[in-house]
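In what follows, a single structure is set out as structure tokens and then discussed.
A, B, C, D and E label the chains in the order they appear, each numbered from 1.
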Amino acid sequence: MTSATQTMIRDAAVGSIDIEAVSKSYGDAEVLSEVSLSIPAGSFLTLLGPSGCGKTTLLRLIAGFISPTRGRIRIDGRDMTDVPTQKRPIGMVFQNLALFPHFSVAENIAYGLKLRRVDAASIRTRVDKFIHLVGLDGLGDRRIAQLSGGQKQRVALARSLVLEPSILLLDEPLSALDMQLRKQLQFALKDIQKQLRTTFVFVTHDQEEATMISDRIVVMSNGHVQQVGTPQEIYADPQNLFVSKFIGEVNQLPGRVQAVGQRLAIATGAGTVDLPSHVARGHDPAVGDSVIVCLRPEKISIHEPGETLAPDMVTAAAVVRDALVIGPLTRVTLDAQGTRMVSVRMTDTPGRIASGQQVQIAFPADSARVFAPLSADMASAFGEDA
Amino acid sequence: EVIHATWGGGGARTLGEFVQKPFSDQTGIETRVVEVPNTAGAVRSPTASQYNAVTVTFFEGVGLSGTDLLEGFTDEEIPEVKNLPPEVVIRNEEGLIVGIPTYFAYYGIVYNSDLASAEDFKSWKNLADPKWKGKLAITRPVYAAAYDLTMLAHANGGDAENVEPGVETLKGLIANALTTYTSLAHMNTLLGTGEVTAVPFYSTRVWHLQNEGQKNIKIVIPEEGGLMLAYAVVSPKGAANREETRQYLNYLAGAESQVAVSVEGGGIPTNNTAKLPQAYLDTLGTTREELMKQMYVPDWKVVWDHHEERINMVEQLMSEAAK
Amino acid sequence: MNTGEKPTLAKGLMLLPALIVLGLFFISVIMLFSNAFVDRGGFSLKYFEQILSRPDYHVVFYRTVLTSIVVALLAVLLAYPIALLLWRSERHRNMLLIVVLVPWLVSLVVRTYGWIILLGPKGFLNAFLGWVGVIDTPLKLMFNDTGIVIGLTHVLIPFAVVSILASLLSIEENLEEASRVLGANRLQTFRTIVLPLSLPGVFTSLMVIYLASVGAIVTPLLLGGITEKFVGSQIYQEVMATFNMSKAAAWSICLLTLSFVSLVILKLIERRALRGQE
Amino acid sequence: MRKLTPLTKTLGIVLLLMLPAPIVIVFGASFNGSGYIQFPPDSWSIRWYIEAFTDPRWGRAVLTSLWIAAIVATLITAISFLAAYFTLRYAPRISGWLELAIFSPLFFPHASMGVAAVALMAAMGIVGTPWAIILAHLMVTLPFSYRPIHVALRSVDPDLIRAAEVLGASELRALWDIILPICRSGILTSLLFTGIISFDEVTVTMFLIGPDITTLPVQIFTFIQDDASPVLAAISTLSVIITFLAILLLERVAGLSFFVQRQSG
Amino acid sequence: MTSATQTMIRDAAVGSIDIEAVSKSYGDAEVLSEVSLSIPAGSFLTLLGPSGCGKTTLLRLIAGFISPTRGRIRIDGRDMTDVPTQKRPIGMVFQNLALFPHFSVAENIAYGLKLRRVDAASIRTRVDKFIHLVGLDGLGDRRIAQLSGGQKQRVALARSLVLEPSILLLDEPLSALDMQLRKQLQFALKDIQKQLRTTFVFVTHDQEEATMISDRIVVMSNGHVQQVGTPQEIYADPQNLFVSKFIGEVNQLPGRVQAVGQRLAIATGAGTVDLPSHVARGHDPAVGDSVIVCLRPEKISIHEPGETLAPDMVTAAAVVRDALVIGPLTRVTLDAQGTRMVSVRMTDTPGRIASGQQVQIAFPADSARVFAPLSADMASAFGEDA
């Protein structure tokens, strides 16, 4: 993956997408409901959500393979309703790549240029340039069947990019690859996107991938947009329990609200916790409500019993169950009065943690989040029975 | 048990009902008809001995007599032979009887009376008249070489040995033919629908079609005569129950069975003592004696000996006609 | 399933029944072929010489091959739209497939008889066309090459439909969409993507239909005219009427040789056309 | 995008409807009142059906054809199953060769095949017995049976049989309990397809019949040598109906997808 | 996943596997070379390695589907050479599960018991017990097709476990699942293994999974065992560059040895580093040798330029390129005199890191490892051209 030539860097104002209250139904089933989304030109946006939530459907709508039941889609401000696929300024990389098996690598990449009646010499130079860009030098004459998974991936990318679309749609392009290759290509994708300033709309259901690669993430579930934001925003400040659970690991303490006001008092299995009321998200808890208190594992620190902690820390007594070293991180499983909690810390952190050890756990009160429990249809995304 | 193989269709049923049943009633010997698509083939097949008696065309019977495939019987064993015209009894080289002629049909010119009349076919030579272009049919080379060519040779003054005189007429017939017919059913259909006006064909078929209500199909015996086509019953070598088979063959040679079969199937008995019912003679419109006079009986042995080369010749004639 | 597992001898017995059936087949073929070199008890090449020396026999072979090529091309051409139709009607595909399969599996004799009724000078088709007023004199549709071509093509179309459909169905899901996104319209997509990728099915059909047609018996017998003889019908005649097994065997050998040569040629064409496709 | 242009669609439908045309004609002709086959019929009658049902020869031939078809279909399916399983699991390398051998009868002119078969069966002394017909039909149907079974087996996860073995099943037991039920549709396709072929086969069979045995198509063929009454059309119509019902049954129980799966890859 | 009943806890001495110098060739290709491995009864051992390294082959050898070309395999000391699959005390969970699709959940689990002619009543109780153990209560009558991926996984597990094999072989059982479910089942597997004390031999090519789940890991490559050890040992002290790169992320500094002795001086792109000589692994570096200095990202700390550090720290000047927050960790990409380095730290760590910032990076000298470069065939596992 080497530097793109200057000519290919586009005006950053081209390639914006506006999705305005789009719904899509198949028969009675509504698979997208009132989705509104504004994608700035040149950004890397990822659609993230469990299987069947409508990610592919949204891409297909943008590509024009299907039309919205309601709502409209604009590209660079222009209504796309009556623009057929082949006239839209988009490229697409399919999950199964959809490379033409009867063409060579170079022929695949040249196909779109040929359709545009570019002259043979220009085709040759541009194809070569993109073969080089995606790091496939020397493989132009190979048949598709003779390529490895990662190489195919790059051909699919080059085939789309050579047309210099202002928008590139990518439908889980990495899901078929194994871990090593996937990591490698994630960086490559991001590099290329930065170089070319193309708008990337990327689909995945892998949250780690989404976090690594995107400027902004759209978390979807059941045809609804759950949250839009940068990876950090979504990780640090999820707007509901679905997002919280779907992105990263989380400790969940089911509880019942005991008092509301400036602060929330919530009775949980690990004792009553007292939190500033601004930690509630997506709902206004009332006394008696069932709620879930969520804590990211890294917010939970482990201390000697009796150690004095800052006043804004919520504490509880716990017993270490298990400490698992996973590379740089150590994952400590704890038992806080019958509730299982997980804490992570750098493996190098001083202080021995042993199975069975009595400890005090603590977390900053405002690092917790309080959500309403999941509705049944969302719970199913996590394989939970409602 | 005596098993008699014959072609499928109506003939098999007639044989069972009007020959075998009375025979079994008289002798107590069990008999059965089985149908095969190709009777001569059955005799030549390695498994022929599963049949006691097989009906073949006379011509094929003659051909088979030159092989070692048939059981021979002495004249004493088949007493009825004395009543048969000697030229239609098939004998092998040792003079033993190997084929019993049962009844005969003849080869004449069959036409659709809506499209032509008997006058049109007074002579076999009329078949070569260009006015019939595309309106006639001809049988496949294998039969055309044996029947049509021989008959046409006779009509032009030749005979079984010297078929050359018939070739010109045959060429004319070929030139006029719409198609070769491959099965009797095929030909029946072509005649019935009027796609073919006339064809050298079998008398029994015509009789049959008329019985079915196709009154417009008629046969004419041209002035040069009709080709006598007897049906022979042979017994493959090695078949079981020789004695019962002998009795059965003798019965087939007799007048009683021949009359019964003829009346049902439109044929004429070969047995000289046969007395056909008057009603049947009326439908034929002639008498057995009258017919016998019109019949041309070639030397089938000679025909058989030249068969392969004549097939080749007819094939080539047909192929040339296409050019 | 390739795993390098080694079978025991007893497991090898599973293959035995199939090998017996195949073995019997090949033995019978050898028995037949050995007939070809025998005449009146001695070794002879008489029938091969006959085939080589008789121009009318050359015509039979030539006609058989030429007609079969026409039949194969025509069948594929007519089958393609049907295959496309079935490919696209996911919901009714099975029903439509029945319409294709039933005629295919019905006895050949029955089907060919249907054509005789349909095609004859007084047949339904001519009667109908005459009634509509399209024609004055009946078309000559039967008892000539036209009849054979119609009959054979009809008999063999279902095979082409099925194998072209198989090829179409194995085209990967998104290829057409990919082509559209890259800027191709419907026709361009068909020409550059769908058609080339369905070629394996097309070639399979060409091959099998050609072979079936070259070896046909019943249809040329029933629908052919006086001179429209096929190699198959000649073999049939030698077997069924003249009992000349030696000649039949010689003809079979020539027919097989011819089929084999044609097959090799077709394979070479296919290799070129499918360059790059697995 | 997933739709055809109306022109292509119409063309496809018209061509499709031509396929059953001759059969429809035969069907119509079977109700013809007069003595030869004709369409459209000049008068209507079911007399040929009455004749078909009352003449015992037809009934006998149908029964014979049916039971021979049943035995052939069962045997050849079992044979193909064992062979396909063995090659797929243990001898994938010979699988190409085996397929070539199995498909070679397809390239052999049928007329010659009948002659070849009769020579062999005669040498074995079984002409005229059902065994000769059955054996010949096994040769004819082998490719048609092997194909769907091979396709079905190939798509079965080979680990299933290993899973059964790890759970303690012998190989035969695992085949019976696991693989057979899973390949059901391929097996049914083979059963019905080969059954139909055996039921309709005439070219080879007619060399092998004997006094005690004849099949329906041979009976039809024999019949038309001598007779052209529309009883033939009636019988043909009945055999079309039997075939149609078999296909319908197949569609119900196994689907028809096996007809449209690629041979390899 | 609930507690197993007491009866199922086996004598920990049953279920050991000894693999003695086993080689396996297919034709000319040797896919396993002299593999020796001793797996204690009741342990959780993971085979980890890139695709095609021979993991599945090794499992198949243990299961008895194929036989070794050389060497032998013993289970509980008994030579298995002539013991057919169905007589070995093993269970197996296949990568694609291999559930019998025409059986219900209960029938799948009961199949092995039926083959052993266990009476119907016992079958029922034992099947119920295991359905409960894997948390599938109430789903016994479901068809396989009606289950989710994770549920299928559990059926496969129960089907093997119900026969109480002393050894369970698992061939990438989780690779088909998506991240969420995969994490969940990793813990479940480990729990069950602990409860039943069955010997688990687990195959994966996902190093994170291997680290999470195993007592011991066998790292394989090209049919050879590269290293055997606990996850921590393998992460912290890899014996060669292959293992180092394959497990976790690593910074690689190619260099040339300048001096040897008590300490190693190595000239790298980021300056000459001075390391204690015991950090060399798998080879004895000589002056002039090409070597690779490897550093785990978490060992690299980021400091203000000029900040004084402990004397055993190796330091270098660098510029921050990029800082990516991935949940609890922040991944900082740095440019140290032209060499790309990656450092990770807890996202909460105080001190702002901004793109373009001049910093000082440092790592403890003895946390580095020095290896010989990879051979060509191993490099290919990482998609590198040799």
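The criterion applied here is as follows: contacts are C-beta pairs under 8 Å (C-beta built on N, C-alpha and C of every residue); 3 or more make two chains touch, one makes a residue touch a chain.
The chain list, named the UniProt way, goes like this: A, E = ABC transporter ATP-binding protein; C, D = ABC transporter permease.
These figures come from a predicted structure and were not determined experimentally.
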item: Chains contacting each of chain A and chain C (ABC transporter permease), listed by label; value: E
item: Both-way neighbours, i.e. chains that touch chain D (ABC transporter permease) and touch chain C (ABC transporter permease); value: B, E
item: From chain A, the most remote chain by mean C-alpha position; value: B
item: Winner on C-beta contact pairs when B-C is weighed against C-E; value: B-C
item: Distance between chain centroids, defined by C-alpha means - chain A, chain D (ABC transporter permease) (Å); value: 55
item: Between chain D (ABC transporter permease) and chain E, centroid-to-centroid distance (C-alpha), Å; value: 54
item: Computed distance of Cα centres, chain B from chain A, in Å; value: 91
item: Interchain centroid distance [CA atoms averaged], chain A/chain E, Å; value: 26
item: Overlap residues in chain D (ABC transporter permease), where contacts from two or more other chains coincide; value: 1, 37-38, 119, 123, 221, 224, 232
item: Junction residues of chain A, two or more chains touched; value: 65, 85
item: Of all residues in chain C (ABC transporter permease), the ones touching two or more other chains; value: 3, 5-6, 123, 177, 180, 239, 278
item: Every chain pair meeting the contact rule; value: A-C, A-E, B-C, B-D, C-D, C-E, D-E
item: Chain C (ABC transporter permease)-touching residues of chain D (ABC transporter permease), taken from the complex the two chains share; value: 1-5, 8-9, 11-13, 15-26, 29, 37-40, 76, 78-80, 82-83, 85-92, 98, 101-102, 104-117, 119-120, 123, 135, 138-139, 142, 146, 154, 158, 171, 193, 196-197, 200, 202-203, 217, 220-221, 224, 232-233, 236, 239-240, 243-244, 247-248, 251, 255-256, 259-263, 265
item: Complex contact set, residues of chain D (ABC transporter permease) against chain E; value: 157, 159-160, 162-170, 173, 177-178, 181-182
item: Of chain C (ABC transporter permease), residues touching chain B in the complex; value: 50, 54-56, 59, 116, 120-123, 142-143, 221-222, 224-227, 229, 237, 239-244
item: Touch list for chain B against partner chain C (ABC transporter permease), complex; value: 37-38, 40-41, 44, 138, 140-143, 174, 177-180, 182, 186, 189-190, 193-195, 307-308, 311-312, 315-316, 318-322
item: Residues of chain C (ABC transporter permease) defined as touching chain E within the complex; value: 3-6
